[in-house]
Amino acid sequence: MTAAQVIFLITAVLTLGAGVYVVAARNLVHAALALIAAFFGVAVLFVLLQAGFLAAVQVVLYIGAIAILIIFAIMLTRRVMEDTGPQTNRQWWLAGIIALVLFGAIVFSLRLVPALQGVTAAAQPIPTDTIEKLGFAFVDPNQYLLPFELASVLLLVALIGSIVISADRK
Amino acid sequence: MLNEWTFIGLFLLMGAIFPGVPILLQSLVLGPKKNNPVKNSPYECGIETVGDTWVQFKVQYYIFGLVFVVFDVETIFLFPFAVAFDQVRLFMVVEVVIFILILAGGLVYAWRKGALEWV
Amino acid sequence: MVPLSWYLALAAALFCVGLYGVLARKNAVAILMSIELMLNAVNINLVAFWHYLTPQVPSGQMFTIIVLTVAAAEAAVGLALIISIYRRRSTVVAEEIDLMKW
Amino acid sequence: MDVGTLISNPVVAIREWLAQLLSNLGLAPQAADVILMILGILVIASVSLILPLFLIWFERRVVARMQDRIGPNRVGPQGLLQTIADAVKLLIKEDITPIGADKLVYNLAPILSVIAVISMWAVIPYAATMVGTTLNVGALYLVSVGSLGTLAIMMGGWSSNNKYALLGAFRTVAQLVSYEAPLLLSLLVPVILARSMDLNTIVRAQNVWFIVAAPIAALIFFVTSVAEVGRTPFDLLEAESEIVAGFHIEYTGMKFGMFFVAEFLHAFTVGALTAVLFLGGWRGPGAEQAPILGVGYFMLKAFAGYFVVILMRSALPRIRIDHMLDLNWKFLVPLALAVIVFTVLGDKVIGEAGITSPWARSGLLFLVNLVLAGLVYAVLSGAARRQRAEEAAGQAHDGQGALAEAAAHGEAGPHAAPAH
C-alpha cells in the first residue's frame, strides 16, 4: 500500500465518520463542528487529487463562510438546543433503507461501467497551470463566460432574497 | 505538488502539538487541582448567574454573515482570473468589471434597504 | 496510486449519509447541513473525474466552483428562511412547518 | 562545505549538507525528504512560537514609552525575561473548566487559534531561498487558515457557557467575518499585479514595491488585517470594559496564554504580510546574492509594520460597533471593489498600450489610484456636506421648537416651579 492510499483511507474514514456524526448528533453545534471536520476531510481529498486551488477554496468558503453561517443560524434559533426528544422523525428507518438501497444501487451500477474499471492513475499528466486555465475559461466567451456571469446574478438574487426574507420586522 | 502539501499537512500537525504540549503540561502536571463548584461556576464579575446562557441574539448579526458569504464567493471567482491576467484581453476585463458591478448592485440594495444599519 | 473507484465509493457513501440526514432529521438546520454533505459528495466525484479522466480541461474544477456557489447561495437563502420561520412560529422542526395545512 | 555559502545562504547550505548526510546513512530519498521537512517545520514553528515572547516585551516597552512609563525592566536585562517569567506563572496556574462547558470544544479552541496563526508562516518567504514551502495558492491559503482563527474564537466563546463569552463570539462574527470581505478583495490586488498567488513570486514581481502601484489596496489590507487580529481600535470582541475579555473570559493558565500568543504573533504576522505583499518582502540591495541579507530586510519591514500596529493600539480609542460596521460595509468594501475595477482596467490598458517598464507601469497605476482617491474624497466631502446641512436644518428646527416650548412654560420651565 502506498502512502497516498494510507492517507486516502484515513481521510475517508474520518470524513465518513464526521458525516455520520452530522446526521446522528443530538447537539446541533457538535453536528456543525463535525460538518466542518467533514469539509476539511474533503479538502484533503482535493489535495490528494492535486486540485490545491479547490482545497483552499473549500476551506475558505465552506469552513470560513458557510459553516460559520450555519453555526450562527443554530445560535439564533436557540430553542433547538433545548430539544431533548428524538432528533429524527418517525420514518427514520425508511430513510435508512432508502439510503442503503441507493448506495447499493450506485456501487452496483459503477461496477457495470467498464470505462471506470481499473483506472488507477490520471489519463494525462496533471498540468501545472490549472488555475490559469480555470481563470481564462471563466472569461472566455467560447468557454464558461455565461455560467460566470450567471453565478454573479445568482449571488445577487440570493443576497436580495435573503435580505427580504430575514429583514421583516415582527 | 503533493510535496508542498505534505509540508502543509505536517505543519498543521506540528502546529497542534506545539501549543498542546504546554497546555497538557499545565493542566495535568504543574497546575494545582483544587476544584470546587464555586470556582468552576461561570464568571460574571462576582454576581450569581441569572437565567440561561442562551440569550436571544439579533437577526442583524446573520445579515452581515450573509453579505460576507456573497462577497467571499465573488472573490473566489476573481482569484483564478487574477492569475490568468496576462492572457485575458481588454473585453474580458470588461466582463469581469460587469461581474463586480452586478454584485456591487447587491451591496447598494442592502444599503438602501437598511440591512447594513446596526440598530 | 489510489484507484478512481475508491473515490467514487466514498462519494456515494457520503451522498447516502447526507440523503439519510435529509430524510430522517427533524431539525431544519440539520437538514440543511445534510444537504451540504451531499453537495460535497458530488464535488468529490467531479474533482475525481477531472483528475483521472480529463485533467487537461478545466471543466471538472469549473463545475466544482459553480456547485460551491450554488451551495453558498442555497445556505444563505435556506438559513434566512429558517430564521424567519423561527421568528414567526418559534420552531425549526420541519414537520411542524406545514403552513399549507394551517 | 563552502564557508562563504554557509554565511550568505545558510538554509540551503545546511539543507544540502543534511541531505548528503542522510543519503550517506542509506536512507531512501523520500524518507530523507520527510525528515528534512520535519526539521524545517520544527525550526519555523519554534521560531514563530518563541518570537511572541520577545514581541510581548517589545510591545509593552513601546506602549509604556507612549504613556510616559518605563514598562517591564526588572527581570533580566531591560526586562527582557519578563515574558518568560509570565509564561512560567501561567504554567503553574490551576486549570479551570467552568460548569456546563463543552469540554472537547473548550480545550480545542486555543490550540486551533494558534494553528490558525502559526500556519501562515509555512508559506511566508523569509528570503529568496528561505521559505517553508512554495504553494501556488499561497495567498488563498493565508485566508483559509485565517478563517480557522474565526472558528477558534467562535468555538471558545460558545463552549465556555458564559454570557459574556457568547456575546464576544457573536461580536466576532460581526467583526472578523465582516472584515474578511475587504481583506480578501484587497489581497486580490497584489495577486493581479503579480499574476500569481505564490507569495515568493509576488515578492519577486515587486521590482517596484506594490505600495507604489496600489497604495489604497495596501491601506485597506493593513486596516482590515488589524481588525482581523482584533486589537485596539478594533478590540470589540474582547472589550474588557464591556464584556470583560469576551470569548476568553473563562480561560485560565496556558489556554489563555495560547490565545494571547496567537494574538501577538498574529499582530506581527500582519506586519510581515504587509511587507511581503506590498513592501517588497525580502527584496533589497544584495538580497539575491546573499539571502541572509534578505532575512534582515524582511524582518526590518515586518517590524516596521508591527510598530505601526503598536502605535495604532496605543494612540486610538476603541471604535463603536456601529461605526466599525459602517466603516467596513459602507467604506472599505465599496472602496476595495472600486480599487479592483480601477486596477484591472488600468493595468490592462497599460499592458495593451505596450508599456512594460516597471517604473512607468507603477507610476501610471499610482496616478490611477490618485484619481480614485480624488473621487472618494469628492464623494465623502459631498456626503459630509449634505449630512451637515441636514443636521443644521434639524438643529434649527429643534432649536425653534425648544424656544417655543420654553416660552410656553415660562422662563424657568415646569421643573423649577416648586422652588418659587
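The chains carry the letters A, B, C and D, assigned in the order they are written, with residues numbered from 1 in each.
What we mean here is this: a contact is a pair of C-beta atoms (placed from the backbone, for glycine too) under 8 Å apart; a residue touches a chain by one contact, two chains touch by 3 or more.
All of these numbers come straight from a predicted model, not from anything done at the bench.
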item	value
Central chain (by mean CA position)	B
Between chain B and chain D, centroid-to-centroid distance (C-alpha), Å	14
Rounded Å distance, chain A centre to chain C centre (Cα mean)	6
Whole-Å gap between the CA centroids of chain C and chain D	33
CA centroid of chain A to CA centroid of chain D, Å	30
Sequence positions of chain A contacting 2 or more other chains	4, 48, 50, 52-53, 55, 57, 60-61, 64-66, 68-69, 72-73, 75-76, 126, 128, 131, 133-134, 138, 151, 155, 158-159, 162-163, 166
Chain C, residues touching no fewer than two other chains	65, 68-69, 72-73, 75-76, 79-80, 83, 87
Residues of chain D whose C-beta touches two or more other chains	135-136, 140-141, 166, 170, 173, 177, 180, 197
Pairs of chains, among all present, that meet the touch criterion	A-B, A-C, A-D, B-C, B-D
Chain C contact footprint on chain B (complex, rising order)	59, 62, 66, 69-70, 72-73, 76-77
Residue numbers on chain B that touch chain D, as the complex places them	1, 3-8, 10-12, 14-16, 18-20, 22-23, 25-27, 30-35, 37, 39-45, 49, 53-55, 57, 61, 64-65, 67-68, 71-72, 75, 78-79, 82-86, 88, 90, 93-94, 96-97, 100-101, 103-104, 107, 110-111, 116-118
Contacting residues of chain A [partner chain B, same complex]	4, 44, 47-48, 50, 52-53, 55, 57, 60-61, 64-66, 68-69, 72-73, 75-76, 78, 81, 126, 128, 131-136, 138-140, 145, 148-149, 151-153, 155-156, 158-160, 162-164, 166-167
Contact set on chain B toward chain A in their complex	1-2, 4-5, 9, 54, 56-57, 59, 61-63, 65-70, 72-74, 76-77, 79-85, 87-88, 92-93, 95-96, 98-99, 102-103, 105-106, 109-110, 113-115
Touch list for chain C against partner chain B, complex	65, 68-69, 72-73, 75-76, 79-80, 83, 87
